[in-house]
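After the structure tokens below, expect a handful of questions from me.
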Amino acid sequence: MRVTVWNEFVHERRDEEVRKIYPQGIHAVLGDFLQKEGFSVRFALLEQPEHGLTEEVLAQTDVLIWWGHIAHQEVEDEVAERVTRRILSGMGFIALHASQKAKVFKRLMGTSCGLKWREAGEKERLWVVEPGHPICQGLPEHFELEQEEMYGEPFEIPPPESVVFLSWFPGGEVFRSGCTFTRGAGKIFYFQPGHETYPTYYHPVVQKVICNAVRWAAPSGGPAPTYGNHNPLERI
Amino acid sequence: MRVTVWNEFVHERRDEEVRKIYPQGIHAVLGDFLQKEGFSVRFALLEQPEHGLTEEVLAQTDVLIWWGHIAHQEVEDEVAERVTRRILSGMGFIALHASQKAKVFKRLMGTSCGLKWREAGEKERLWVVEPGHPICQGLPEHFELEQEEMYGEPFEIPPPESVVFLSWFPGGEVFRSGCTFTRGAGKIFYFQPGHETYPTYYHPVVQKVICNAVRWAAPSGGPAPTYGNHNPLERI
Amino acid sequence: MRVTVWNEFVHERRDEEVRKIYPQGIHAVLGDFLQKEGFSVRFALLEQPEHGLTEEVLAQTDVLIWWGHIAHQEVEDEVAERVTRRILSGMGFIALHASQKAKVFKRLMGTSCGLKWREAGEKERLWVVEPGHPICQGLPEHFELEQEEMYGEPFEIPPPESVVFLSWFPGGEVFRSGCTFTRGAGKIFYFQPGHETYPTYYHPVVQKVICNAVRWAAPSGGPAPTYGNHNPLERI
Amino acid sequence: MRVTVWNEFVHERRDEEVRKIYPQGIHAVLGDFLQKEGFSVRFALLEQPEHGLTEEVLAQTDVLIWWGHIAHQEVEDEVAERVTRRILSGMGFIALHASQKAKVFKRLMGTSCGLKWREAGEKERLWVVEPGHPICQGLPEHFELEQEEMYGEPFEIPPPESVVFLSWFPGGEVFRSGCTFTRGAGKIFYFQPGHETYPTYYHPVVQKVICNAVRWAAPSGGPAPTYGNHNPLERI
């Protein structure tokens, strides 16, 4: 299983508070636990040519993980389009936290992906609501993050195929924090935790969720559809 | 639009606290605002012959509203089966509060309909998560009930076709408190609020939700399917 | 109920065969039966300024019907974007036939909307598979069009919320020919019949489907969501 | 992966035509290719005590495959209930062909599972409509069975979570021939081919589908939900 971790890698270099938590970048921490799980990991960054997402890299990627936040607009349309096409043809895609506003994710959803948010270091409690989903392997019935950014409903996404997690926040908000979608042959997972000022990706249950999601989102190996003008009518 | 309101009508006669809130029974309060909305309303009670749900009554019912709690087991299997058949053939069905454990609802879901609960007079906040759903006509983005019984996830139901409301409770729980399902030609809405010791059904937004749900659940007037041995093969 | 019928209106003026069937344009035939049903109808055409779809027109439209085929690329991006935003905020949208490749529809779906096709004047048989759906009001269990363009699976769309119709074609193909989606507060119906060289929109059952779909797709009147930075944390 | 194959095993002993195709029973052919795939297989038959489905056997079963047709009524209610509970707690379930009318499947669906049928030795063509689904691994875009029993829509099931296959029959019928459902923690796959008078289960693509479905339906290892009275309110 070949995983590419994409990171805009801006906060970690600009902001002391974030650098203390993720000195090598969020992608490095993600890559670390993915490698320990046995996945083959490569990184791609906004600053690289074509943001590190050439046709070649994508062709060798089974699942792409995406972390973006303040630099969505700096992603070139052509690259976003290329990634989208590759997902439709079967590559898995895991969008983390603020990546619900990334060009690729919005393009796949067709909606604004708007939501409510609040940065107040609140506790988040995530409830498993589809215990039979492969993403829930080995999870407890619920788990907590001591501090997270609040993301609250309404969340303008298409009705998910599975709502795996529902989150609770102390201020009175709820959120569909783990959602799956199929687009073309590609499987997509949106997972809400991961604000850059909290050590979320060191949390063992969060790591387990992401590893499970990688296995779930892997290409199915199903047929490549052909479209267009079909054989002349021949009664079968 | 012909609505039948079914009530087990046990708490209101047995328990002083409940009688103060619903002196004529929960069904009377439900019937009252439904009639004001212009629906034709009739009542059916557990204590009546065939629980008031004869073939004749069901044939004249467009939408059946159900409130049951401690007397689910007293509903005769034959009547539960008759109601289920009528729903499959197009009658709408609205299951309120603890009716998630009613024979008819469990029979339609195929699951245990288990959930977590707590009677502590807590505030409940309901968020609209599908603003385009007809059940949300005229609702605010969220609304609150000062006191309700907590119902919490996991809720063992089939994945709903629409999750219209998500609820927040102060103790850290969340709940899919408004869910729609289709079974056969019948439309089904589960709506969680309505514990007998709180005046929930006097709340204007709760009333609006139930009226909207009645309109949404009305029979579609679609074709009555025919099953079984089909015409001999004749190439068309 | 205010319906706007949009037509690219190209085939009918360019192609003698099509003009014989739709001398005033496909939109005129659509508008005719919609008006007889009691809807308030206005037209918008590709050739008009802003393709007839100004903010003003859209603000006064409850449901937009779209017929496009060979001129999808001539629709300005800005207008497509405007229509999309209006759908997300609650306007209904009915995409007919080849409009599965229209900019607005593809933008909402997030997929290629690819499919197989064949122009061979074949019979199409449409089966109702969700008889309880409001779009099926008054329909027979199945109905036939003597001649249609074949559209066949695979059809690259997101999993529909309801598959209302499934179609059969004599050459061995099947197709999800009536599909519903929700995007934001907008309800969307894709309906496959309507190739320009056949008199499909004169067929009484086809007309019934479209009228039913207009009623179903009407704005719900639900709350307008607000997004962004939420109230400071205040334990409720 | 431990698979139990259940067969009513009636036709194969009673009917010469069927015995020629499945001399050791349908279960033997199913078990044969499943073992070659590396699964651990055991059999259970209607004629055995408790139909071979004791608590012990079910506890040691990851995925249960079911083939029944004319003896559905002979399955004891208690055993059907036990199997259902085990599915809700995570065991996978694959219902083949006429097993859509088996007690367990109907109990899980909550509908009549009615459909149209015709025994005329017709060709069936199955189209893959969700190429990204794990059940489609290694499949062609469509495949054909030279002779099958026609099963046609409408098929009274709850809206499936995925419609993996759609079938075409020469008499003008279509059918959702591969459907997935989640009930509790259990994953369920209905697969339509397999009439006893045709050698369907020797077909290599059919075998591939069933092997894929076993892998997909395996228990997720997610949390076992707890229901009932929840901790006293404690603001978190």
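A few notes on this one:
Residue numbering begins at 1 within each chain, and the chains themselves are lettered A, B, C and D in the order written.
As a working rule, a contact is a pair of C-beta atoms (placed from the backbone, for glycine too) under 8 Å apart; a residue touches a chain by one contact, two chains touch by 3 or more.
Remember, predicted model here, so these are calculated numbers, not experimental data.
The greatest centre-to-centre distance from chain D, using averaged C-alpha positions, is reached by C. Two chain pairs are in question, B-D and A-B; the one with more C-beta pairs in contact is B-D.
Between the Cα centres of chain B and chain D there is a gap of 32 Å. Here the CA centre of chain A is 36 Å from the CA centre of chain B. Annotation for chain C: residues touching 2 or more other chains are 125, 128, 130-131, 141, 152, 154, 159, 161-162, 170, 172-173, 182, 184, 225-226, 235-236.
Contact residues on chain A toward chain B in their complex (touch as defined above): 125, 127-131, 141, 152-155, 159, 162-163, 166-168, 172-174, 176, 235.
Looking at the complex, you find that chain D touches chain B at residues 84, 88, 107-112, 114-118, 120, 122, 150, 152, 154, 156, 158-159, 161, 170-173, 181-184, 225-236.
Of all residues in chain B, those touching chain C in their complex are 90, 123, 125, 128, 130-134, 136-141, 144, 161-162, 170, 182, 184-187, 219-226, 236.
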